[in-house]
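Shared chain: chain A. Partners: chain B in the first complex, chain C in the second.
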Partner chain A sequence: MDLNSLMLMRHELILTLLILILLVVDIVFTGENKKKVSYIAVGLFAVYTVIGFLPLKEGTLFGGMFETNRMIFTFKNILNIGVLLISLLSINWLNNKSLKHQKIGEFFILLFSSLLGMFFLISSRNFLMLYLSLELSTLPVTALAAYDIYSRKSSEAGIKLILSAALSSGIFLFGISFIYAAGGSLYFHDLVGNIGHSYLSIAGLVMFFAGFAFKISLVPFHFWTADVYEGAPTPVSNYLSVISKSAAVFILMITLFVTFRELIDIWVPMLYGISILTMFIGNFFALRQQNLKRFLAFSSVAQAGFVMMGMLAADKLAVATVIYFMAIYIFSNIGAFGVVQIVSIFSGKENIDDYNGFYRTNPNLALVLMLSLFSLAGIPPIAGFFGKFFLYTSAASKGYYLLVFIAVVNVTISLYYYLLVVRAAFLRRSDNPIPYFKNDVLTRIGLIIVVVSLFLIGLYSPLYDYINSVVNVLNI
Partner chain B sequence: MISGISIYEILTVSTIIFFIGIYGFVTRKNLIAMLMSIELILNSAALNFVIFNKYLFPNELGGAIFSIFIIAVAAAETALALAIIINLYRLMMSLKTDDLETMKY
Partner chain C sequence: MDLTYTVLIPLIPLFMFLFLGLNYKRIKEPLSGYIGTAGLLITALLSFYTAYQYFFNYGKVDEVYQKIYAFNTVWIHFTESLHIDMGVLLDPISAVMLIVVPLISLMVHLYSIGYMHKEPGFTRFYAYLSLFTFSMLGLVLATNLFQIYIFWELVGVSSYLLIGYYYEKPSAILAAKKAFIVTRFADFGFLVGILMISYYAQTFDFKILNDLDFINNLKMQTGIFMGLSVITVALVLIFIGGAGKSAMFPLHIWLPDAMEGPTPVSALIHAATMVVAGVYLVARLFPMFYFFDDGFALHVVAWTGAFTTFFAAIIAFTQYDIKRVLAFSTMSQIGYMMLALGVSGYGGHEGLGFMAGIFHLFTHAMFKALLFLGAGAIIHAVHSNYMQDMGGLRKYMPITHITFLIAALAISGIPPFAGFFSKDEILAAAFEHNFPVFVIGYIVAGMTAFYMFRLYFRIFWWNEPDYKHKPHEAPKAMTIPLLILAFMSIFSGFIPFDEFVSPDNKPFHSHIDWTLAGLSIGIGVLGILAALLFYKKEKDLSQRFRYAFGDFYKWTFNKFYIDDIYFFVTKTIIFKYVSSPFAWFDRHVVDGTMNGIGNGTVWISTKIKKLQSGRVQDYAMFFVSGVLILILIVWFSINY
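Take a look at the complex of A and B:
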């Protein structure tokens, strides 16, 4: 291995370097200067995001454990942009007086370590690598969920997240051990065509899937989602709902489509049922929520159901549509969570009724909230519609018309509850509305990027063509 | 190969440990006991890897190495969970799950 081949993991190497620099920076700046740490962290990360777009060679490292190609490269850049937006929106919260401790450096170090885990996760081509990177991506987020150590809810979210993550990784490991017994290897490329069609391999597949279903919060395993999203600090909930979920969806899709190709007659009906259950339960629980963070948690559960529907077709089109949908979902959810977070920092209000009259006091924020929610619901001029539309196309191309019909019914239900929030913000009046507040420049930049991309991703078609061309690297 | 013991017997042991862990996780009301149940689940998976490696693929080391990583990561997980539990105990003066629950549907 020489420097040239080592540069295949450029994203990971630079991110590791960035984390190490931040550790030093955190020591150097003390007292009043502590606030500068957050600007340095976000500035470095912005530079790194730009570097990430430079062209990268394709290839494998470490005897085939680590792979990078155009598809993975594209997805890593999407995740980078998402994390950059989340860090931009979280600076305001970190420098706020309401937080009793000043552990700004730790926040970014843990956030970036988790992102590093995600990168190894989507690049991994070996089950050992997959497990280690899954843990590397989960453990820092758990620490972040319990970040506000003086808040009881935050600690409760942390313990719930770590217990369910540990349980899920235990089940996941038990499943992998069965796959190892059935296939005789831990490498994905050795396992293709060698898993066989026995009870052993089916049990392995189901347990493996259950472990990932916890991470993506699919329905029988979604119980932690609402509690953790409500209790954790909002930027962390944002990260969990967006980055963590999309990385897990991506690697689950690759393993199912490529490694578990032989068992396609097992996992397609499984996905079919889980997709329907997830959409319905996510939507019906979202209907009755008053707290906006819980509401967004259940809406993200429902969105995961739509993604599972898109994966049913199990071909290249399905991969392209899911990547495209996840890219759109990242921006829409960051927008919605971002506004909730800003309001929660300034006024401490998180309920839907508190948003009555929001448009009159904060018209810009209300518009961002409306656009993000419309994108999540899938209303035409905004990107979310195109994402959902391609998912339907993907499912319909293999003849799952009934499922597409069920999904459309679910979109209608979801439209109702998204509009409840919009109605509260725009049409209702209130005697005690959320007061006007001025946002700092970085938050504004973050929200502007979100809004612009919500329109751009949907209307600028070369983007979809590009994603459609990069999935050709898959051999399916 | 361990003489006199077939793979089925050891697999039965590891499966029993796994389900004891699941049962304990669901029924226990104490956070430390739940953590112990998770350890059981992880260790049953580690045991499984070693057995499959020893009995089915004796010429390689993939499974045995995997089990070492499982032990290391489980230690990290436990350390983090214990840190959060200590913080919760300072805030709540209790480790019972019923007392801790503030967020409900």
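Take a look at the complex of A and C:
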């Protein structure tokens, strides 16, 4: 293995280097200078994000355990942009004096470590590798969830997340052992066509699926979601809801479509049922939430149900559609969570009623919130509409009209609760609204990128064409 | 040659709109006016440069003006041939519009700094103006039918916003709604027409749609519907869209009411640019209009234009609101342009009507914008729209007076002012191809001179009413545009349009037929003299005529009750017998079901609330049982 082939894992190598640099930087800066750590971290990450877009060779490494190609590369870049936005929006919170301790370095180190795990997860072509990277991506997040150690809720979130994650990992590993027993290998390419329909392989598939369903928060593996999102610091919830979820959706889709293609008659009906269940349960719970973070947690559960619908077609178009949808979803959710987070830091308010009269005091933030929620609800001409539209098209192309109809019903329900928030912010008046406050430049840049993207991704069609072209690397 | 820079022409106003719109609280008067005007100045200079380069440098190849795609990108892809593009098309007519739209818009931007002084929402006004300019430029530069439709609607939206600018005035809101609904109604025809054409022709592209070989092929293939080619039907439907925007009878009812908007808006949108979009649309698809079914659709255009020009001129005789007089005059003049296109032939000197129509569009934009801006200055001075409150203003407002006079002479077709040349070409074309239409056009020329000078004498001569405060000349920001437009109204007639514009894009030669010209000057002078007799001094001559005509006067004054007919049809027939039953069904059956679903949803969500207990043990239990149940279901559902 020479340096040239090592460059196939350019993303991972640079990210590792970045984490190492941060470890040193964190020691160098102390006291008042501690704030600089966050600027350095975000600055370095921004540079790295740009480098990530440089062209990359395709190929495999480590005896076929690690693979990279145009599609994976594109998805990693999407995740990078997402993490960059989350970091931009976090700086203000991290530098906030009211936080009793300032472990700024740790925050970024843990965040980037988890992202590193995601990248290995996306690239892995072996179940053992898959498991290890899944752990690498989960453990730092559990620490992050408990980041605000003086807050009881945050600690509770951390404990709940790690207990649930441990359980799911156990079942996941158990499932892998079944698959190994059935197929005789841990490499994806060896398993293609060798798994066979047996009780063993099917049980393995379901357990494997449950492990990812936990990460994606599909019903009935979603229970941790609301509690953790509510308790964890908002940037962490944001990360969990977009980055962690997208990476899991991506790798689940690839393994199901390629490795488990034999068992397509099993997992398609399974996804069908879970998709319906997830949409309904997510929506029903979201309907009643007062706390915005819980509200967004359930809305993200419901969104996951829609994604599963898009995956049913099990062809290249479905892959492109899901990647496109996840990209849009990342921006929409970061926008919504971002505003909630900014408001929560400033005023400590997180309930929908607290947002009464929000537009009058903070028109710009209210607009960002509205656009993000509209995008989540799928209202044209914002990107979310196009994402949902392609999901329907994908499902309808294989004749799942009933499911499309159910999805439309669910979109209607979701529209209701998204509008509840918009109504509070724009139409309701309040005697005691959240007062006007100014945001720092980085936060504003982050939000502006979100808003521009919300329009651009939907209306600028070459993006979709590009995603459509990169999925050609798949062999299905 | 790289022409990609032309994209900037529409994009700069768009940027201005976003910039001013997003910062409307921060940027105050007059800064926003300066910013908007400066942005438009850049657009205008770019446009003029592009038009100049097109006509004199690269546009003509082998004595034919080419259709050039300065920029084109595929926006949405349907099939190999059918896709929606966004781009910039340069050809003679779009280049002419590149002079008209930015020039008038620039004048209006400048003028509004004075006119909108101390109005609330000054910045909002400039943001809307920029939005309109962007939309209008996107419309004239469109490379295909779909793009033109998108911008067509955007123009409609900005027109709606600007008519309803004084949103606290109920009449302004009503007028805005009326304009929007009537034009939307017409646009429905447009959309259906586009879909029909795209279905048969499999393309939206103007370059292909105007290609003669393509049209001949299409003629062979398309089916017949009620004795006409399907394409002809589609063209008539498209023309309905154009008639809605250009206020042709019977879709004209929104234009007089649209005068509720600020006067500069009326000058820009409802006189010079947006309302001629229908004319532009017909010119854009002219070869199709001409070649299908021996120009059946073109005859529809000609007669609609001829009728409207006459009809509107009659109404203009009796109106007292000076802006409404101008509005009806606009309708009448656009009818003139339509008429010109309608009587045009194809190729060489036959294309005189086409050239004359575009020529008149150009000169009319100059003098009608001037008339409106002049009217704005007058309204600004006397704080009223009505003639009764005016008179003798020539002493107080010399610049406005002279420029208004120039514009009135231009519209009346008196040489050497601009209107004479374009109107003369129209009459010449009509004389050669369609004599009845010529007669109508000829009579209307006299009527135009009469009502225009009625307006002029009533405002500037007549007797002075008791002014509460002495009227004064408008500020510089307002008079400078007046002077520039007056200059254009005098000299733009000398532009040799036959060198530039023709249906087949080959230059040809036209000459003034002095017999015909003499006749049209004669009737114009007659109209002016009649107005002089009636209105120079206050006397009861006009009153006596009014009594003599009795009911006819009343009908005319009430615009032939067209509005009331619409009102009757919508309110009494449609609302009562069609909408009410639907509304009942909607309220009781549809809403009932929906409310049921809504309540059911809430009910379910309360019932399942307890599942989310907050205890990790429960969650783990659900998790594990979820996995087990799934496995069992899958196991039992497949049989081995």
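General observations
The criterion applied here is as follows: the second predicted complex is superposed on the first by the 476 of 476 C-alpha atoms of A that agree within 3 Å, B and C clash if a C-alpha of one lies under 4 Å from a C-alpha of the other, contacts with A are read in each partner's own complex, and residues count from 1 in each chain.
By our rule, a residue touches a chain if its C-beta (ideal position, glycine included) is under 8 Å from a C-beta of that chain, and two chains touch if they have at least 3 such contacts.
This structure is a prediction, so every number in the text was calculated from the model and none was measured.
Legend: residue contacts after superposition of the two complexes on their common chain; A:Y416 is shown touching chain C, with no touch to chain B.
In the superposition on chain A, A:D227 contacts both chain B and chain C. After overlaying the two complexes on the shared chain, residue contacts for A:I171 are found with chain B and with chain C alike.
Using the contact criterion defined above for the overlaid structures, shared-chain residue A:I251 touches neither chain B nor chain C, since it reaches no partner. Of the two partner chains placed around the shared chain by superposition, chain B is the only one that A:S185 touches, whereas chain C remains out of contact.
By the touch criterion defined above, A:L365 lies against neither chain B nor chain C after alignment on the C-alpha atoms of chain A. Of the two partner chains placed by the overlay, only chain C lies in contact with A:I202; chain B stays clear of it. When both complexes are overlaid on chain A, the residue A:R152 reaches chain B alone and has no touch with chain C.
When both complexes are overlaid on chain A, the residue A:L132 reaches chain B alone and has no touch with chain C. Looking at chain A, you'll find residues 159, 163, 167, 171, 226-227, 285 touch chain B in one structure and chain C in the other. Residues 127-128, 131-132, 135, 139, 142-143, 146, 149-150, 152-153, 155-156, 158-159, 162-163, 165-167, 169-171, 173-174, 176-178, 180-181, 184-186, 226-227, 230-231, 285 of chain A are the ones that touch chain B when the two sit in their complex. Those residues of chain A that touch chain C in the shared complex are 159-160, 163-164, 167-168, 171, 197, 199, 202-203, 206-207, 209-210, 214, 220-221, 223-224, 226-227, 265-266, 269-270, 281, 283-285, 287-288, 413, 416, 461, 465. Chain B meets chain A in the complex at residues 18, 21, 25, 31, 34-35, 38, 41-42, 44-46, 48-49, 52-53, 56-57, 62-63, 65-66, 69-70, 73, 76-77, 80-81, 84-85, 87-88, 91-92, 100-103, 105.
Residues 74-77, 598, 601-602, 604-606, 608-609, 611-612, 614, 616, 618-620, 622-627, 630-631, 634-635, 637-638, 640 of chain C touch chain A in their complex.
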